[in-house]
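Shared chain: chain A. Partners: chain B in the first complex, chain C in the second.
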Partner chain A sequence: MRPFEYVTATSIETARQLLGANGHYLAGGNDLLGRLKDDITEAVRLVNIKGIGALRHIEPGPDRWQIGALVTIAEIEDHAELRKIFPGLQQAAAEVGSQQIRNVATLGGNLAQHSRCWYYRHRDIQCLKKRGRICYALEGDNRYHALFTGNVCISPVVSNLAIALTALDATAVIWRDGQERRLTMAELYELAWDNPTAHHSLRPGDLLLRVEIPTKRPRSAYLQVSEKHSFDWALVSCAAAARLENGRIYDARVALGCISPVPHQVAAANQFLEGKPLERDVAEKAADLLLTGAEPHEHNAYKIPMARALIRRTLLQLGT
Partner chain B sequence: MDWFATNRTMKESDNPSVSQLSRREFFKGLGTTALAAATSQAQSVAQELRKLQAEKVFGPGAVPVTLHVNGKIHRLEVEPRVTLLDALRNHLGLTGSKEGCDRASCGACTVWLDGRAIYACQKLAIDSQGHEITTIEGLAPNGQLTPVQRAFVDRDALQCGYCTPGFVMSVSALLRKKPQPTPEEVIHACAGNICRCGTHPRIVEAALIAAGRPAASTPRTEVISYG
Partner chain C sequence: MAEWPTQPKVLGTRVPRVDGPAKVSGQARYSSDIQLPGLLIGMILRSRWPAARILRINLDKARKMPGIKAAVAVQEGPRIVRFYGEELAAVAGVSREACEDALRVIEVEAEPLPFVVREEDAKKPDAPRVWEQAPNMPPPRVQETGNVDAAWAECAAIVEGFYTTSVQLHHPMEPHGGTAHWTEEGLTAWISTQGIASVRDGLAGALRLEQSKVRVITEYMGGGFGSKFGPGVEGILAARLSREAGAPVRLMLSRFEESLAVGNRPSSFQRIKLGAKADGTLHVFDYENYGTAGIGAGQATEGGGGGADLPMPYIYQVPNRRIKQTAVAVNAGSARPFRAPGHPVASFGMESAMDELAVKLGMDPLELRIKNDPFEIRRREYKIGAERFGWKEKYRKPGTSPGPVKVGVGVASATWGGGGSRNTRGEVQINPDGTVEVRLGVQDIGTGTRTVAAVVAAEVLGLKPEQIHVKIGDTLYPLGPGSGGSVTAPSVAPTVFDVCTRALEELQKQTGVSDARGDNWKTACKKLGVNPLTVQGRWREGLSSSGVGGVQFAEVAVDTETGLVTVKKILVVQDCGLVVDPLTAESQVNGGVIMGIGMALYEERVMDWQTGLVLNPNYETYKLPSIADVPEIDIILLNMPERGVIGLGEPVHIPTAAAIANAVANAIGVRVPSLPITPRKVLTALGQVPVRRSSAT
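Now for the complex of A and B:
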């Protein structure tokens, strides 16, 4: 790592001021330190935000829960009540990295982490995402890459929590230009759909404060398929959330990870599920709608049948 | 995560499932006695640090860093970019924690931060201030092996031994939280530790023996099916 300055902020306002022009917020450091070690990111200064006590709480509520950006993934995984209210979020948290990572990694850092594309993460490769001229994955090895994109970069969003929170229709509350702004999960990532250099829609200096999750979908589930049994990124991940009445699905939302630069959602699939019985055929029809228009590359066509199976399994899990 | 030290030492009442005698032996074995004794001191140091260091810019050159390791307070001069692992190994001479990948991927560097397993390679030393760090050297301060260490020896749960300190820290952290884990819970807790020599089945056995519930290890193969 190259030398940098270090400062601990104790409030939201001072964190922003201390950041200056080329500083980075430091939460758990799992992503940021990896990038600094590999010279992917330059930093003049790290602003440790873990001194901001206000971002550290899980606050249950009847209509919605608030989870602070500094809550660790292990705290989400181990929260007994959260596990009952948002089982899909708990399952997504339990699959993140390893115990050592979950003990340190924060919700905010997980949502704001950068692409894991191996060309992007290579210290000697200057791809499009690093403001170079071409995407190396398109012609190179793209086995872990996306089936959908709105630009040339085919690096997918890999945050487990983003997928679960999208299905649960969470709102991300951020601090931007001196005030709170509320973003849907789609808005939190939409910039990455159009802009190959973006990983999410946060601008330099934006601070994620918390997410707010409505409790109106008591059923939720998250499943992923990886090459290894544990401590592995998902090849494809799927989260679903809904309300069930007499075996019928209401307010359903399905989101897929690792197949698009944004959490992949299709409004037509969610609408199709409204009022339908929770059955295999219905889940398969929803999967068709979710995967329409998928564009596989040389090495990632396997993701289509894998996603189809995951959508079906995740939806059926809502009934168990 | 608490940036400033809090007392994470497990209270006896947190843990009703263990019998009086074995419970005392268990915690003594894990070195929590040392942690408990140092806790009040650590808290006052943390408070002091908080006042002195908040919103003050440090570096990029070497700056004073105070670390609380294995019950002792150490004052170092290191640059903000120095990782906790490098501070432990190169500045404090605690070479029990190993460097494998330096990328949060192998577990050889596993230590405890306030009793929880973390990768020392992916944490800055300056960001570890105000926390209680426990390394493999601090597990058995009186020179007596802990039940976990003894079980690793008994089950011959190592070959070259490079990964072993990290595994022992992960298993011991699990047993502090869950004194009677299932094999699946051991596997989940150790997923972030990798053994190049392939001793995983023995490690799971050793963990279960240390927890007083030996069971045949269950190596698993998963078939990815698209159906």
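Now for the complex of A and C:
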């Protein structure tokens, strides 16, 4: 690891001031410290934000819950009431890394993490995402890569919480240019759709403050398939959230992870589900709509049937 | 010939690992725990090219970096490097960070050369050559017995298949390396190794030192699985850095480096055609195989036994057989022996074909095996296992399990030697206060060597295992064999029996106590006066033998919509002669099975053809089983005291992957002919994956 300055901030304003031009916010550090050790991210200064108490709370509310960016994944996983209100979010949290990682990893860090593409993460490969010339995954080993992209890079978003929060239609509140800004989950990631060097839409200096989750979808679920039974990244993940009345689906939202640089949503699928009975055929039709236009590469076409099964299972789980 | 006691008091009882408390409390000192005054850290500069001509390496700038005390090149003058990660130079400094900074300023002048890292590319005639003087894939060696071509007509059933396995990395928890301290008196090296004697000789040879000037110490080590017999380039570099710096140097590899240059298990591409008579008798076997041992293919691999050839047709006897094998070189690190070299890979190919044949014959796969297995102990093991496992109730026709999550069962088996080394020596010192020290120049690779020695000594001397202090892992002790081939227990147990028997006789003679054992022990020892009694001895005939079987049954659940395989249960029926300590023996079985699960479902070194790099040089993407992946492991050890002690570290790893692969095929009704069996391959085998135009590679 190369030398860097290390400072501690106790408020949002001082954190931003201390960051300077080429600093990084340090929370759980799971992603950032790994990148520094592997020499794929440069840092002049790390600003420890763990002491900013305002970002550590889970605040319930009748219409919406607020979860601070420094709340740990383990806290989300273990929160008894949250588990009842947003079961999909709790399930997504429980699948993150290992218990040790969840104990220190934060909501903000999970949402802002970088690509896990093995070309991007290799210290001696200068790929497109690291401002190199080509995406090696295109003609290389792309078993873990995306089925959709708006640019040449095919590394997918792998944040579990992003997928669950997309289905729940959460709002990310960030600190930008001295004020709070509100982004939909789609907006939080949209830059990665077009720009191969982006992992999300956050700009240098932006600080994730919290997410706000509307309570209008009392049913939610999250499922993923990995190669191993724990402590493994998802090959495909799926989250769904909705309101059920008399066995019919309302306000449904479905999102998929690990198949696109952004949480994968298809408006037509959500619209199709409106008012439909929660049945296998309906779920499968929604899966068709969600996967239309998928462009598999040499090694990742298996993600299509896997995603199809996950969409159906996740939707049907809303009824249980 | 010596004999084990027929009414043992300690042998065969469940004795907890004598060094367990030291390990779990952090008291046990591993090579990286050695603290010495002025200790420096060593780090290695590795080739960034998968193939290159190295013209010049300039260490001047590195030597001048703050905190750097030594810098050495692996080799003077121009050379060719043949894989990404090959060692070029090393530095020693006051911290990791100082070393990293120094490595960055080493100037390497190199001409990149064409390279090839995938087997299918390397075997093409126009592929870049890994070794200039020879093609990457030499013509196969052919062994033929009987008349293969004529025999097919005499078969009632013939099956054909193509089975592949991946290159696996050893990835011991403790990486390679050690701490070296070079002084005027000589070199002391604390190396993480399976062979203190071979490391001592290796270091002496490489550094042109007298063997008497080199002392190797390995009190504790965290696994090697076949990859840690020699000093390695890293061990030699640590010693050279220590000499140049005039200070001790600790050089342990990183997890990243573990993926590159310290061994692997060769891949295999096995084409099998197998025919049987109507009653199931195997009649003809036609086999072609190649795999890659990295740059070691076609060359001698370190430690031997790391080549790509497989022992086929494995445990079976087939009268008409043709076996063609070769290896293909690629620009990747050389293979090394890997827990039961060749056997698990051979077992996967052969046992897959056997199950296919059983289906074709309409026979129960277990019956087909019993019919064809020449080894009596194993035939018994099939029956014992089938009873305990409930094979008859669980086995159903392939693919007939209802619902999207299908269950299936499979069986496979092992053969192994596991005999002891007759050159093993040891000594025991009995102190006047009654304490006993057993000293053996062997090492414990995690199998419980200290405990085995303590159990045997306690048995002979009529004491409790905790009264015996076993000292191992030091070349100052009487030397024993390296820990490979499952030889350690059958080497150590007869040796300790011998030295303790001699010592007891001597003690009784010197003190006049007719039976010094048990309650008389302290009294007898006190009569020694001031001088302890030290007795040397050696391996004794009759207390060990070799040749084990071993059968494993697997039960799996396969989600046919996601492709995920869950191992629900593994049943192990294993013989190892006299079971010295059922606890450490079962621990070996657990480890072997878990490693087999890794081979079956998760482990694969992935090379990128474009850059020549290992794409998964970490535990994140080189996947190993974790606790959630480990099922119930039911263990039946056949205790055969009359056979003496036989090693079991390797045989218990052999059949697991094959049994799981057969269980998966039994569950879903189609075979995934390739390890590891990932969700991707399961969905592909089930025909669910849309076929895409092939890429431009």
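Brief remarks follow.
Keep in mind that, in the parts below, the second predicted complex is superposed on the first by the 320 of 320 C-alpha atoms of A that agree within 3 Å, B and C clash if a C-alpha of one lies under 4 Å from a C-alpha of the other, contacts with A are read in each partner's own complex, and residues count from 1 in each chain.
The rule is short, and it goes like this: a residue touches a chain if its C-beta (ideal position, glycine included) is under 8 Å from a C-beta of that chain, and two chains touch if they have at least 3 such contacts.
Please read all numbers here as calculations on a predicted model, not as lab measurements.
Of the two partner chains placed around the shared chain by superposition, chain B and chain C are both touched by A:305. By the touch criterion defined above, A:10 lies against chain B but remains apart from chain C after alignment on the C-alpha atoms of chain A. Looking at the shared chain after the overlay, A:26 reaches chain B, while chain C stays out of its contact range. In the superposition on chain A, A:83 makes contact with neither chain B nor chain C.
When the shared chain is aligned, no partner comes close enough to touch A:64: not chain B, not chain C. When the two complexes are overlaid on their common chain A, residue A:1 makes contact with chain B and with chain C alike. When both complexes are overlaid on chain A, the residue A:285 reaches neither chain B nor chain C. Of the two partner chains placed around the shared chain by superposition, neither chain B nor chain C is touched by A:243. By the touch criterion defined above, A:141 lies against chain C but remains apart from chain B after alignment on the C-alpha atoms of chain A. Comparing the two complexes, residues 1-3, 98, 225, 229-231, 305-306, 309 of chain A contact chain B in one case and chain C in the other. On chain C, the positions that touch chain A within their shared complex are 48, 84, 97, 100-101, 256, 561-564, 566, 601-602, 606, 608-611, 613, 615-617, 620-621, 623, 625-629, 678-680, 683-684, 688-692, 694-697. Interface residues of chain B, counted against chain A in their complex, comprise 1-3, 50, 53-61, 63, 79-81, 83, 102-104, 107, 110, 113, 116-119, 122-124, 126-127, 170, 173-174, 187-193, 220, 222, 224-227. Only residues 1-3, 98, 116, 118-119, 122-125, 136, 139-141, 143, 225-233, 235, 296-299, 301-302, 304-306, 309-310, 313 of chain A touch chain C when the two sit together in their complex.
By the touch rule above, chain A contacts chain B in their complex via residues 1-10, 14, 18, 26, 28-30, 33-34, 36-37, 45-46, 48, 50-51, 56, 70, 72, 74-75, 94, 97-101, 103-104, 106, 225, 229-231, 305-306, 308-309.
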